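This report concerns only the one structure given below.
For reference, chains read A, B, C, D, E and F in written order, and residue numbers begin at 1 within each chain.
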């Protein structure tokens, strides 16, 4: 919104009043602009029990894609009730051979519990040490905030995971997509990644990058 | 530790040295005294991938008890890797008819995902409004920090839940146990709870309280 | 505010401008919707010294009620200047025999100073241990965040207390009112509280609950 | 503690053990070195209700001093139970004509309630605006974190105040003492304060400074 | 904004929509009212790389003023991209003999790096101890949050400094200006600062104060 | 430190005593084990002004290495005074053609100011959008917490940068080194990065990885 912009739109705060009692929670009202750590609160009079329930995991996405995995997030954008509560959750499935590529969450720690199947999971520390482990059903692993990590379905059946985060909006940056799915020039990418320019161009083609 | 106490015990810091690099995580060393928000860090040279993996959910407790539920926590005391990472996790089972009694977590928000079975779950707000819902498998519900909440197995099969918290050590206060399982006098309890003294005495007998 | 809602109300930001200097404080403007941790700031040009002064304790409520106590809060709703400053204050009076029933503050620690009279105060820890003490005038006690606690006037004169909180909006949940002052079914309440259904029904009648 | 220092003292951790349950509070053990935000916790087995009670306000200091006021703090050093709980409290008395000189609290907001007497209190904002007010008994005022503020007894009787802080250890820096009670050279002081060097030397004599 | 105020201005949220993805940053939209810890976020679709670049240090102010220094701040008001990121930066120049008068930052720690020249810098602790040092080019010094500190150009060439802060909006309170540049009465000022009333009046004249 | 370890080492706390006043800062004592957010404090009696001054930037490392850059960090390990103050600083030089490879800081935001030379700097958002810019001397750029970013010396003279962080210990993870400088198997790396296994093996050779 630039200073020159004419202010014409009207906001309906009809559901707010000074009499609104103070809240124990702050269900996000996604109609408002996002603030530093989340959204303003939906008026208490409009909040019902259904705000606190998330049913999206009952219909997860399919795994017929390049990485053979599906992710169903319940971050604040999908589940406004987590706004400001320091937690969120994701349900993931990986077909045999599927993987969650190397990625980071800039804003939070990830904690997975395997519900079905067998996976290999790992993270890499700032000391460049890899911590990897094969996990069976009902085993859990934690990936500390901001570090590179990945999961691979190493078994012969579909793997199912419940994934918690220490933030309602942890963010995600998949390394290959982040590097090769935009318009950064291949020459700069080669320079700052040490990956050969021919490989860079192949990866750009794969991830939709240009230049 | 009183000022008069003779200092006799010796601490072995053999695993620490000034050369220890800065850590991306802080696996708790439970041998040290607890600090404000957790424990000092285990020396990095002693940390292995097994610190980041929790296998305790593979052998949950049984549900043959008064409330017909079992709780297997992975808080910092059971899983030192969650120390300082703002998250922890619990696995719970409830036999048909079982329940998790009304309780609060003074230090964090709770987020449940039903894995199997059908439950009724609810919380009560500061405005004394009850938010309750029947949840099927793969549905999730959130209980904002510090508020009274409960779960009941309303189905005919064992219910299984994965429960995340926005703290490595959320604490728990089960209301009936907290009120009636100690030596608070029955007269004061009647006065501050409005529960009839005869009922108070019955509950004290049930929960092991005295006076 | 649903997406379908017609935007009709108009907001006057006439008192805001880009030239507004950055503020050392954030007196709440209660006309705006509440955010994650409080309210947006009143424009600096409208802030006067009277915003920082609270005079409500000069006329406390009377103590002619079921619990024989009066509470005069200076939380953010009553004193917008505490917004964002991590503190608030309450003045309380208890007639002889009066009490503040068992309650928790989901969002903060409570610290009381007795100004006049004699009270018995206590809290209960997660280990179900009761910490209780008789307090005289000019003695102080602290009740750590989120734990059950109570006060009883054990003397023969009116007790007066100043009560500070580590939050501008600590919330409060009085256990008996929270459990028995709503529409939770008596059967579920019996199940999750272990209190006999007849007693539950008696308490529901007392606290205005239904079902 | 330098690397060359010979390690001779012994610490008795006899009161700690891995079996110590997780705590709802962290009563400071002042025998340990201070950490970033406070002290390590006293072992739970040594904590009693008396840790949570502060009786020091019953015997406040006298007001026969240069500023005719007395301050009885209950910060973490005097009341270890406030450690980590985000709050502390002070009792103050000012004789008629007494004053609390201009000062700041680097680590917290101050909230006063006048119990007896009449004072003039004020703070100065970053915009150099003074917010001052005469306060009667049972009126409250808040001084936002880090800003210059002061109190003066403007009445004819002793004034009594209860003062809360949004930190267990807010710190205090009395401007005149901080500037003129040390060995900063008078020439530098004149330069950085714009106060005439003769006045600087007079103030140094008053506050015990040298150079 | 009082309840009686007529709502006439209109806000254009045309740049916001529910489809806005969650952001990794929160470039301040200074058109919105300030919140507790900063501003709401500019819509992601309006954010460009230029938001993340600050060019104001290329044209610093001149040093022809009473204190012979110039300050070019890149706080949130000048550089909206720092909003919510816990950091900001300032460029300062001091002519020979110039100084930054004694001041505090209520909201953050200051860290300086000398780029050119020689300065004397110092801060004063709560124990009234002065920590001062002569600094050459490429030496750094840190001034912990909220404490009184100052810098003086003690060399014969212009000194240049880069100054970082642990907050996007640390605030600043220059002691002499804060005390003597407003309408606080000279008598109260003498009382609360111990500075002679004649000197107070001289300083009021210098800093534009009245009364 | 395992429970079975014999406690033999002795700690000298000779420099600590209960009389130690509360501190305004917490200069790290690196002899103690690291805690959740930093180190315990050095005893105040051992703190001098030199603790608050860092001189390491006067002798930066040379740029004769693979990436033609040198980094001189003043994180808590090098400058214990930044402990707990939410800030740190680094001095960097890049020879012409030098670069800081793509990396993240898991624990903080980075803010650079170019002192000499011309660079191209950029970061990539969670939406896979690249924000890149050519920066001249005395221009600044900010890289929000946890996101991939890089710098390249695009000019013909040595570039000099001052780099601030919003944490005393932001951590750093250089992507190529993190992925290819350890013992993760080339097959898993290919799978989770989409980089061809031949290129993976070439990179492993370059960065010292095995398997």
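One rule holds in what follows: contacts are C-beta pairs under 8 Å (C-beta built on N, C-alpha and C of every residue); 3 or more make two chains touch, one makes a residue touch a chain.
Chain by chain, the UniProt names read as follows: A, B, C, D, E, F = Germin-like protein.
Because the structure is predicted, anything quoted here is derived from the model rather than measured.
A rotation of 180° superposes the C-alpha trace of chain B (Germin-like protein) on that of chain C (Germin-like protein), rounded to the nearest 5.
Compared on C-beta pairs in contact, A-F and B-D come out with A-F as the pair having more. Taking each chain's centre as the mean of its C-alpha atoms, chain C (Germin-like protein) lies 26 Å from chain D (Germin-like protein). Separating the centre of chain B (Germin-like protein) from that of chain F (Germin-like protein), both taken as means of CA atoms, is a distance of 36 Å.
For chain A (Germin-like protein), residues that reach two or more other chains under the stated contact definition are 3, 9-11, 18, 21-22, 24, 31-32, 35, 37, 106-107, 122, 126, 132, 144-147, 171.
Pairwise chain contacts present here: A-B, A-C, A-E, A-F, B-C, B-D, B-F, C-D, C-E, D-E, D-F, E-F [touch as defined].
Chain A (Germin-like protein) makes touch with chain F (Germin-like protein) in their complex at residues 99-102, 104-107, 120, 122, 124, 126, 128-130, 132, 144-148, 150, 152, 171-173, 175-179, 181-184, 188, 191-196, 199, 202-203, 206-207. Residues 21-22, 24-25, 44, 48-50, 52-55, 57-58, 74, 79, 81-82, 85-89, 91, 108-109, 111, 113, 115, 122-123, 125-127, 131-133, 135-147, 162, 164-167 of chain F (Germin-like protein) touch chain E (Germin-like protein) in their complex.
Only residues 3, 9-16, 18, 20-24, 26, 29, 31-32, 35, 37-43, 46, 83-84 of chain C (Germin-like protein) touch chain E (Germin-like protein) when the two sit together in their complex. Within the complex formed with chain E (Germin-like protein), the chain A (Germin-like protein) residues making contact are 1-3, 5-11, 18, 30-37, 75-77, 106-107, 169, 171.
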